[in-house]
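Here the structure is laid out as structure tokens; the discussion comes afterwards.
For clarity, chains are labelled A, B and C in written order, and residue numbers in each chain start from 1.
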Amino acid sequence: MPGIVHDNVLTVPSAPPIETRITRLRNFWSDYCRSPIAVVALVVILVLLFVSFGAPLVSPQDPYDMAALDWLDAFLRPGDIGSGGYVHILGTDNAGRDMLSAIFYGLQTSFIIGLSAGALALLIGVTIGLCAAYFRGWVETVLMRIVDLQLSMPAILLALVLVAVLGQGVPQIIGALVVAQYAYFARTTHGAATVERGKDYIEAAQSTPLPTSRVLFAHLLPNVLPPLIVVATVQVASAIALEATLSFLGVGLPLTEPSLGSLISNGFKYIHSDRYWLSIYPGVFLMVTVVAINLVGDQVRTVLDPRNAR
Amino acid sequence: MFGFLAQRLFQAIIVVFAMSIIVFVGVYAIGNPIDVLIDPGATAEIRDNLIRQYGLDQPLWRQYLTFLGNVAQGDLGKSMVYNISVVDLVFSRLPATLELVLVSVVIATVIGIPAGLYAGYRPNGIAAKAIMALSVLGFSVPTFWIGMLLIMLFAVNLGWLPSGGRGEVGTIFGIPTSLATANGWSHVIMPAINLSLFKMGLLIRLSRAGMVEAMNTDYVKFARAQGLPDGQIVFRHILRNISIPIVTVFGLELGSTLAFAVVTESVFTWPGVGKLIIDSILQLDRPVMVSYLIMVVILFVQINLSVDIVYARLDPRVRLKGGK
Amino acid sequence: MIPALEVRGLTTRFATRKGYVTAVNNVSFSVAPGRIMGLVGESGSGKSVTAFSIMGLIDAPGEISAGSVRIEGEDMRQMTPEAQRKMRGRRVSMVFQDPMMTLNPVLRVGDQMAMAVQVHDRVSKKAAWERARDALDIVGIPAPTERLQAYPHQLSGGMRQRVAIATALLHRPAVILADEPTTALDVSIQGQILAEVRRLADDTGTAIVWVTHDLAVVSSLADDICVMYAGCIVERGTADQVINHPCHPYTHGLIQSVPSLHEPGRKLPQIPGSTPQLSQLPSGCAFRNRCAHATDLCRTDPPDAARGERRVLCHHPLEEEA
């Protein structure tokens, strides 16, 4: 009988082409680009990063340089020309500061605080989450109890009290934000790692004589990464918003170290007069920054979600 | 069910104790309130007297024990700034905060949940996209900034609503509240909307996610295969299922609404506990800070506990497990 | 006699980023009342999509692009969506693969079944519960009154699948589509349910379409068999014809690789290669890359052949062995 059936043991099913790191990145990017809004958001973030960290280059004035400030320039309307001979596109504040320059420098402070708080919280949170998931037993119980407890407290309250304890200043604010936010990373890492832990490949890795830490980082971390990226973007945005809120409430940064929050807080004093530009413009930048970061995070979440794969 | 409750209750008590120590130690590490309270030119004698009066010369652990003993008798100490009992102070401010939170939670629920359910039911429609865009805004734009915009628009430019403060207080069923008067409502509506936006965004996301997930489950497909109309599937099959996570998170977030009230109350100069805590932090009024924080902890623990109970009521799987 | 279910030229496709993918390609078959038809194929062959297409439950990005689905002569595809909904559960119903997932975990079995009764018949809640109890009785569930009070998680997998079948039976439909309903169950439970289903078809005259990848199951259960490959029905015939005298090389290979239908002690033969992705089908015959008989003709022309009662989609059908 001419068999279409082969009596073999070695038929290798034709596997789909192996995904290399580059094709994976390319796929990620093309999936990401499916949302035009998210692409715009990404471009906006890049532009904001440029003007903030390049603030000395792009802004017309150094708002920290008290000598350059002229009281006669106070409360100039947007579009007026001040003593410096250039147009104040967004007007000036009560001290004669060019609003646009102040916003660029303020954005820089906000980014520095948001990014470093996010990075530190990520580092601490991931370490705690991974340790809890890996060692189990009482280590897991104690660590995750603390994390749960902290998560049930709103970050804003925690940060408020911490800033009150630590005092004003950039490092203090970063510290308060880290303490308020690390728990989100720990929770996410622990959750994802617990799911991964139950899978066979971790057990397989543990049955080899590899050291514990190798298994932990080589195997668990890459699988925990996708949800962490999403949490990280959201947390950076919320760190920036939190800092602004704290400064607005008067416990964050003083106006001598302008962040977006302290600028808005300063402008809020003039809200009943006609001088809207003092508070509106820094607020618009704050809003655009936070929303853009969140939109990027949203799209990354959508792309990384295996349920959305088509 | 009883064993389950007892266990949760025990955990809750431990948490409250642990937190009270942390809060006490934390708050007492902040500066020296005496420096704030008295004129720098005051004599050393007046200074020492005051320190003794507030018990600040005692070691920390003794201060904590004294504090615990007082708490057990319902005495949370005296405000250093207002010079009245903290309990009286907080309770005088509490009704304002509660009515603000109540109105905002109602607004968030009535708008947020149906909007989210609809967005999940027709996830590719234009309305769904608009709803989601709104939720991203509500979710990510800082509360204080939106509050400021509201004031600028409705109070300063249009002059429709007052820019801050609490309105006239009337009584409903013998409870004094500004919700009893039209003037009171004109004061509460703007801060309440402001406070509700974040929670509304959250509820929209939650109910949408739940809806999308439920629409893909086999039990919904099975219900459709039985010829059930979509309305019945949503209201009788899906709602019951997704109400579990919604209630959980909603409950947990109830506490955070109280916390966010701190911001909203500051923007709208609403005379509630949130404004009180900000003022007491700025003025280093330790007894008020400690009491507020411990009350918040108790509140959160209690909310967690109630969420557990509601969860158990809604999900038969939990209920039966606890019953064994 | 009018067939209980008659499918003609049914074609279902899904819109993807790279264009349309046809998951069900020009599928035709009919099932007479009281008969059981086995729809056999590997995973991804389009058999479940066929079942969902018959129900009219294909959601975007999928769509039924051609064909007719007649239930006792009435064409579902010509009906309004509302009329189609009224057909579902009443004239044609469906049972799913995983009994752990098909019942709503937070509703009592009785409530779920009563809801299915009341959606088509205006009866009291009490009457609906009684109908539900009778249905549980029919599928051989002991103590049905107590079972109605239970939540799904309190029942075993086999019991839940019986509940699902009972739910499908509530309105005495002309057709029940069963999508791998025993795959997730233990073999002993599977046997009980198969016997129950056979009895149901015989007693009630319900036509049953049994979707499965398991040839052993259909060979003992079905009257007729359709074999699907890459969205097409490649061979159709009575169970005896298809199992004992397969004409299509694919069917032949499938039968050869079932242990219980093969001589013991011999090495089990396999079909080389794996099911192609629907988006990357070869030209001509979809099976040609795995087929030992493939010629140049198979490379260029899609096969289209029918031999009397039987349909075999192949340029080089195997001769029937005597």
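Methods note: a contact is a pair of C-beta atoms (placed from the backbone, for glycine too) under 8 Å apart; a residue touches a chain by one contact, two chains touch by 3 or more.
Everything numeric here is computed off the predicted structure, so don't read it as measured data.
**Student:** Compared with subunit B, which chain's mean CA position is the farthest off?
**Tutor:** C
**Student:** Sort the chain pairs by how many C-beta pairs are in contact and tell me the top one.
**Tutor:** Result: the chain pair A-B has the most contacts.
**Student:** Which integer distance in Å separates the CA centroid of subunit A from that of subunit C?
**Tutor:** Once rounded, the distance between the two centres reads 50 Å.
**Student:** Distance from the CA centroid of subunit A to that of subunit B, rounded to the nearest Å?
**Tutor:** 25
**Student:** Provide the C-alpha centroid distance between subunit B and subunit C, rounded to the nearest whole angstrom.
**Tutor:** Those two chain centres are 53 Å apart.
**Student:** Touching residues of subunit B toward subunit A in the complex: what are they?
**Tutor:** 15, 18-19, 26-27, 29-30, 136-137, 139-145, 148-149, 151-152, 156, 163, 252, 255-256, 259-260, 262-263, 266, 277-278, 281-282, 289, 293, 296-297, 300-301, 303-304
**Student:** Spell out the part of subunit A that touches subunit B in their complex, as residue ranges.
**Tutor:** On the subunit A side, the touching residues are 149, 152-154, 156-157, 160-161, 164-165, 237-238, 241, 244-245, 248-251, 264, 268, 271-272, 276, 279-280, 283, 286-287, 290-291, 293-295, 298.
**Student:** Under the definition above, what is the set of subunit C residues touching subunit B in their complex?
**Tutor:** Answer in residue numbers: 55, 57, 60, 85-90, 93-94, 96, 98, 101-107, 115-116, 119-120, 151, 153-154, 164, 167-168, 170.
**Student:** Tell me, which parts of subunit B touch subunit C in their complex?
**Tutor:** Interface residues on the subunit B side: 124, 217-219, 221-229, 232, 236-237, 240-241, 244, 314-317, 320.
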